[in-house]
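Down below are the structures I want you to see.
Both of the next two complexes hold subunit A, though its partner changes from subunit B to subunit C.
Right, the complex of A and B next:
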């Protein structure tokens, strides 16, 4: 199937996990080893965050079950991605309203793109995982 | 069909367009008449307006464009455009981070701002979906 061939086999999941965690570990190591005085740490952390985000995206594109790639999983992925985009927009809207009414006395005007993208991908992955979990539970029953 | 029910009918497209255009006009007017005080609430009002525009763009994406819209093929189009937009967003951040690292000064226009990122993601999503629908229409008229 066309969609199935685009997905990353589960056996290669270590690639996604390495892309997520290795940059973070390197960053923590550099921070703890006081390398951050030599390097521009804010720029380095942006690159690290971007690479980790790619890893999260690859995790989403992993073939989790044998049937993954068929029409139902296609629909599940679409729902998850749309939910992620809606979450992103809602986060921005709600935080803007919070800023307007000065809720919790927190500066919501300081929005960061990396934080938003991380939140979107987290939402996509959690929704997708949840749907797959409930599907497998239904099949077991 | 279930998907078709979720979509917004094309005759209601004015809602999405109003959500996009009216806030922009409002923002321009506020700017012209110097009502935006960026020291106090100006930034918050701008953010609220930007969020409303983004909401309008999302509604535009879930509009039923053709009579067939809602079937399996359009579902696939929407999936591809949504996936490519998320990938685009991640790639966008990565490329800008690399530019930032090599300090190309021309990128310094608040590129890491989440509103701008969300705008680019939705823009890309609409662009990919639109081009796919356009291609399909062209093919169908050729076959006719």
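Right, the complex of A and C next:
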């Protein structure tokens, strides 16, 4: 299976990282530069979050190590995505139950799509990164 | 699934890296197959069997729980 060619080359990882962090840095700059009257920060932060989420997805589709890309790594990616889906469903379920019983008087309405998607992608990336790290520690027998 | 890749590799005097290069995967993948952490696809299993010039069922064997 030629999965390597479907991934973004390792040398272009900077593109994904730039897409993740640059919009956030620009938003912080605009906020600190006091553009409150000219810009709607609520809408701007949603655009920033969307672009950063695209960056996180691209990072997931980037070759992390020189070996990354064969069928085993594809399966690791699949497992990470499955974990992300389970995390998302569990988060929604738990937050819905908590808001139903008003546990701890905590407001769960902030669990919007952006937050949830960020959490899912974070789980996917951290799980994948952890697996890649443990594979890189394998010694030749 | 049990496999005899490590034994065959030693018989043919190949390192994990050599075998990985021959079948077009990473050394980590060969290591994971040998340590039963990863079950290879049919294509990869056939490629490995071809390298050792062995039938597939002599190289890979199902275990009771499979």
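Remarks
We take it that the second predicted complex is superposed on the first by the 135 of 141 C-alpha atoms of A that agree within 3 Å, B and C clash if a C-alpha of one lies under 4 Å from a C-alpha of the other, contacts with A are read in each partner's own complex, and residues count from 1 in each chain.
Methods note: a residue touches a chain if its C-beta (ideal position, glycine included) is under 8 Å from a C-beta of that chain, and two chains touch if they have at least 3 such contacts.
These numbers were taken from a predicted model, which means no experiment stands behind them.
By the document's definition of touching, of the two partners only subunit B reaches A:49; subunit C does not.
Contacts of A:71 after superposition on the shared chain: both subunit B and subunit C are touched.
By the touch criterion defined above, A:7 reaches neither subunit B nor subunit C. Ranked by how many residues of subunit A each touches, subunit B and subunit C are led by B. With both structures placed on the common chain, the touch criterion links A:24 to neither subunit B nor subunit C. Once chain A of one complex is fitted onto chain A of the other, the partner contacts of A:138 are limited to subunit C, with no touch recorded for subunit B. Across the superposed pair, subunit B and subunit C both touch subunit A at residues 71, 75. Here subunit A touches subunit C in the complex through residues 1, 67-68, 70-73, 75, 135-136, 138, 140-141, going by the rule given at the top. Those residues of subunit A that touch subunit B in the shared complex are 40, 43-44, 46-47, 49-51, 53-54, 57, 61, 71, 74-75, 77-78, 81-82, 84-86, 88-89, 92-93, 95-97, 99-100, 109, 111-117, 120-121, 124. In the complex of the two chains, the subunit B residues touching subunit A come out as 41, 43-45, 47-48, 50-52, 54-55, 58, 62, 72, 75-76, 78-79, 82-83, 85-87, 89-91, 93-94, 96-98, 100-101, 111-118, 121-122, 125.
In the complex of the two chains, the subunit C residues touching subunit A come out as 6, 15-17, 24-29, 31-32, 34-35, 38, 40-41, 43-44.
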